[in-house]
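Common to both upcoming complexes is chain A, partnered first by chain B, then by chain C.
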Partner chain A sequence: MSTLANDSGSRMNRFADRNFKYLVIAPAVLILLLFGIFPLVYTLLVSFQNINMMETDTSFSGLLQYRQLFSDIRLWESLGHTLLIVAIALPIELIAGLMMALLFLDRMPGRQIFVALLVLPTMIAPIVAGATWRLLFDNRFGPINQVLGWITGEPQAILWTIRPEYVYPAIFIAEVWQWTPFMFLILLAAMSNVDTSLTEAAEIDGASRLRIFFKIMLPAIWSVMTIALLIRGLDLFRIFDVIWALTQGGPGTKTETISIYAYIQGFRQFETSYTAAMAFLVIFLLTIAVMFALKRMEFVR
Partner chain B sequence: MSAAAARRRLSRRRAWRLAFRYLAAVALTVVFLFPIYWLFSISLKTPDEIFASPPAWYPASIQFDNFKVLFKDGDATTVWNSLFIAGTSTALAMFLGTLCAYSLARFKTGGDNLAIWIISQRMIPPIVVVFPLFLLYVWLGWVDTYHGLILLYTAFNLPYVIWMMRGYIEDIPIELEESALVDGCTRWQVLVKVVFPMARTGLFATAVFTFVFAWNDFIFALVMTRSEVTTYPVQVTHYFGGQSNFWAKIAAMSVLGAAPVFVAVAFLQRYLVRGISMGAVKG
Partner chain C sequence: MKTLISLVAGAALIATATAARAQSAADRAVEAAKKYAGSEISIVWEAGLQSLDPLNFSGPKWEELTGIKVKVIEVPTSEMFTKILQEHRAGTGAYDALNVIPSWMPDLVNAGALEELDAYVDKYGYRAELDSIAPTYRDNQMKVDGKIYGFPDDGDLFILYYRKDLFEDPANMAEFKAKHGYDLAAPVTWEQYADIGQFFTDKFAPKIYGAGQFRQPAYGIWMFEERFRNTGGKFFDADTMRATVNGDIGVAAFEGMRNDNKFMPPGVESWGFVEALSAFLAGDIAMTISWPPFGRWAAGYGTDDSALSWVPKTTIADKVGYALPPGGSPQLAAGFSLSVSSSSPDKEAAYLFIQWLNSEEISLQRVQLPYALRDPFRESHFTNPEYLSRWKDAPAYLKTLRAGADSGLLDLSILQIDKYEEVLRQATSRLWGGEDSQAILNDVATQWDALTDRIGVDKQRAAYTDWASKPNAYPN
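Right, the complex of A and B next:
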């Protein structure tokens, strides 16, 4: 926060009507407290009880649920799947986004139209994106196997959303398709804000394009890139819709992510207390990441 | 002579580069738009064309039977549900959020900590909050009600609205508000007569994004609705599984959901970057 903001703040404060500033903030904060704090407190409370479909035991049962977490292989597997998706999809989206941004960085006639069209996948509902890819991946009537058949020269009937070795590629393709434009758009804007006199001077001095990118461009867009990565990283961690549309976590539990597993435990198995404990584990894991994210955001503002 | 030749060579190289870039741009656009094209084309195909192997690459004739079925069976009411719920919650979130943002931006109410707490609400995965909220909603009898879902989306979008509008309001020169106060305006008049008009592009862009977030949401609607207030994303998933003769419905319903978003994108162009980067890039 700059001194300018503090300065103007205190200037406004001189004639600030105290009631006004709390009056306008109160409704929003009340709603956020109800929807933000209540779930946390209630989750914490329930996680120390023993409530499930069979019984409603609200007596304090200590760390029973949390102990169960550690022996639940399915939970750690789902966490592993989630981290795998983050670890693979995020770098691909970043690198593809960077390359696309570089392609469109210099002026070219019609650039705006290309950008406007390329951003469309990012704006549609993830569940719709998943549904679309479900139709595209269909083994008999989908166009993907057809195109693969042309390339390989023999008919293909790959069961993309059913065969264990193909489900992850299918998820990655859908996810990367939808969110690479997000990276692209942000990185393109960040790169466009870089002072061109710097890159031009380097070019005249005979620096290679690669060198210019790594020595001038990348440091200049670093902070924006970090934020884009954090937004996307957190989004990927909570991935639900696309997988729900494509595989519902299957085959078996092969593509079950933490969000899908928690949904199944909470809304299919009605393991209320156990789901609450799981939710707290997720919050614990994410708090660290979120704190880090916000530090970066504040840094840029 | 050699200078002229070198210049010619350079401009030839530029032309080649531009040609290559166009080729790459067109190829990329085709790849990225093909899935959307396919979705739209299925929504216009006849069953025979949908279940053709090898696939029919385009519908032989444009017919809207797949959409007519949705309207006849009443499935399309889910789109109206979405519109009503997303619209109302956007209006609410914009109103409450902008007021809150004004207080944060101009009075530094609660300092940075309050602002950070508010935006951190946005970072928590929905699955974590949706479960206890579902239990609360069961207790309140709010499951499968309009106001339940509207309030949920309002709360879900408030952090985004507050965060974005705080940025937009900070961009407005404070002197205008000060002089309005000196001229005898009350605080509320300043808000209505100075701040809202000055921030109107920010208000508009933020509202469209807020609407799209609520419109596109699946997980809250999946948990909180049963049959009365089903939104279109939930309706799409009702056609999954079982028989594949629901394909036409999947596609047509998806198109009904995607088309308004595309219209929104067309209006948003200038604010897209700032909106999706949560203000990180002013673009």
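Right, the complex of A and C next:
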């Protein structure tokens, strides 16, 4: 009896020794499967059903939802608005962040206090930032029109969140105000780590500041900048709060992004299966975009 | 002896029955609810001022009378439908009683989210008191397919408020008559509304503008529905169920709304409840169209209450006139009915609470709470001597509300109404964005038709026919 028990115990030990690495990572894999993969699989499953406000049809409905995606003009328009926001806000944030980082690279009095103040906007919840900007842009009580009125010498009644010509500028102002500091902070950290002997040597050799920046600084921070761009690019792609607080996607659907459209379809109109299909379309498009971007930036290597 | 015993027993029975009958619906609800003492029920209520009723008044009072605690779940109006349906779908039983906008009731009933109340109404003898609710609300906001799913509990409607001092000023009257050829008085058509609004703006702006009113899309849809129907518009062709909002009447309504902005304060396109209220109470506008609380607060009623400290102090008390909006058939614009959630674990206790809230006795107190937003909805509310004496012009105010309750227009209520309203909300925001009215309404019609096709033309036709057959769907 004891021999049998000993045999069994040693087999267990041998199994544990052989598979130690798998046993160690098993809890992490299980958690990943539970919280990461399961919702994705469930969403995929729902996208092949027909669940909406009035029906809970969980039978397999094939590509019904996916076929609808292609004829839904509002979906493609919202995707277009999202891309427009990414295409304009991301370069502005990058360039402004870079310029601010360059400015703060040199030691200056009160540098730490200024950096801390500049980073404050990123600590505010985006919905709060949006609501605050809505108040600032308010026609009746907001200070922005008042200041513009002082500058122009006549009362200004610009409808920042209503007129089509002003809604995008309003969104960009709020978005860039909040997230440029994030770009600035990452780039400042990267620039601070660039070997100063390289830049000093270049200066001694008579290289201009512009040449030093493009030939030494930029290549040195390239990988960090790529990551910062990816993070902000993905954030901008799922932008919701600021626009919701400012315009709710209006006027009409002129500022409706893919996230806002998904929210309206999923949580206001209860098109559950359709929204799941939409989510998968976005995941698919984003995966392609990210892979393409990483490859272009030769970051995969 | 036997005869004597029978007589005594009979008399006792009659006395008991009479005593039971003599009890009010509120008392019956309280007595029956005592068996649930120590429990807690939840009720979904619109966040903000509306919730002060159950938080400050009815909730504590119910607990004192029955021992049942009331948990108030505050939800913004824009999220109420979603939350109610989500909780029902998830089967959490988190909500016991509900505040429901009547136009949602068919959708919520179809989704199985609301409990049918007829059996409870009979069990607790509430039918007679339901009959004394003003007919417009009682006949249109209580039942789905002939069964009771909610008690109309809020006499919402849009009223025209105007500055009597400006309208009755002899100089203004003479100038206006000379210019337009008719007497200056509360406008009865939209053309008159524009004439009067422009007249005051031309004369007094920027100190006073002719009018100012809600323009945010969430409110704009009611403004459109009201104006559209008052000028003869019909939402659908009843035979084909194709949308007809993009005809001449719809375009004229949209154009009229946009043109009216010209005599309103700059930036009126962004106005919601608070902006219109503060402008009217500050005396910045001569006319506005809004819900009944505007009239009470403009008169200064209850504005000393700490809960109303955010309401600007009125500068126009005793100067406010009340009238029905142009066309004479005001939009009922939302309103609330009290319902019981079908997934509630305490349906009976929840029912008893809403019967008590809605009863003659308690509702009369609730509609007079200065800080709450419940408006008169029972015959007795409009004629109550105490309410009539609340401020100098209260009789005129209640008379106007009563007239509006008769001619009021129901919000459009068909299957999946929120999707149709969402299209109209977008259309309103496009209108303020400067797009062409005809193009906007053509898009509305196309999107409504697509929705109808998706839901099913026959199903939607049945829902629309049922709604349109109600006397208050379109002006008589």
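Structure notes:
The rule is simple: the second predicted complex is superposed on the first by the 255 of 301 C-alpha atoms of A that agree within 3 Å, B and C clash if a C-alpha of one lies under 4 Å from a C-alpha of the other, contacts with A are read in each partner's own complex, and residues count from 1 in each chain.
Operating definition for what follows: contacts are C-beta pairs under 8 Å (C-beta built on N, C-alpha and C of every residue); 3 or more make two chains touch, one makes a residue touch a chain.
Note that the structure is a prediction, hence the values are computed from the model and not measured.
Contact with chain B, but none with chain C, is seen for A:240 once the two complexes are overlaid on the shared chain.
Of the two partners chain B and chain C, it is B that touches the larger number of chain A residues. In the superposition on chain A, contact is made by A:53 with chain C only, not with chain B. Contacts of A:162 after superposition on the shared chain: chain C is touched, whereas chain B is not.
In the superposition on chain A, contact of A:140 is made with both chain B and chain C.
Applying the stated contact rule after C-alpha superposition, one finds that A:269 touches chain C and leaves chain B untouched. In the superposed model, A:253 lies in contact with chain C only, and not with chain B. Where the contact sets of chain A with chain B and with chain C meet, they give residues 138, 140, 267.
Those residues of chain A that touch chain C in the complex are listed here as 53-54, 56, 138-140, 155, 157, 159, 161-164, 250-254, 264, 267-270.
Looking at the complex, you find that chain C touches chain A at residues 82, 85-86, 89, 107, 110-111, 217, 265-267, 269-270, 275, 415-416, 418-419, 422, 426-427, 429-430, 432-435, 440. Contact residues of chain A toward chain B in the complex are 1, 5-6, 8-9, 11-13, 15-17, 20-22, 24-25, 27-29, 31-32, 34-36, 38-40, 42-43, 46, 100, 103-104, 106, 108, 112, 114, 116-129, 131-136, 138, 140-143, 146, 177, 181-182, 185-186, 189-190, 192-193, 223-224, 227-228, 231, 234, 237-238, 240-241, 244-245, 258-259, 262-263, 266-267, 272, 275-276, 279, 282-283, 286, 290, 293-294, 297-298, 300-301.
Taken together, the chain B residues at the contact with chain A in this complex read 18, 21-22, 24-25, 28-29, 32-33, 35-36, 38-39, 42, 50-55, 57, 96-97, 99-100, 102-104, 106-110, 112, 114, 116, 118-121, 123-129, 131-136, 151-152, 154-156, 158-159, 162, 167, 170, 174, 177-178, 181, 187-188, 191, 212, 215-219, 223, 233, 236-237, 240, 244, 247, 250-251, 254, 257-258, 261-262, 264-266, 269, 272-273, 276-281, 283.
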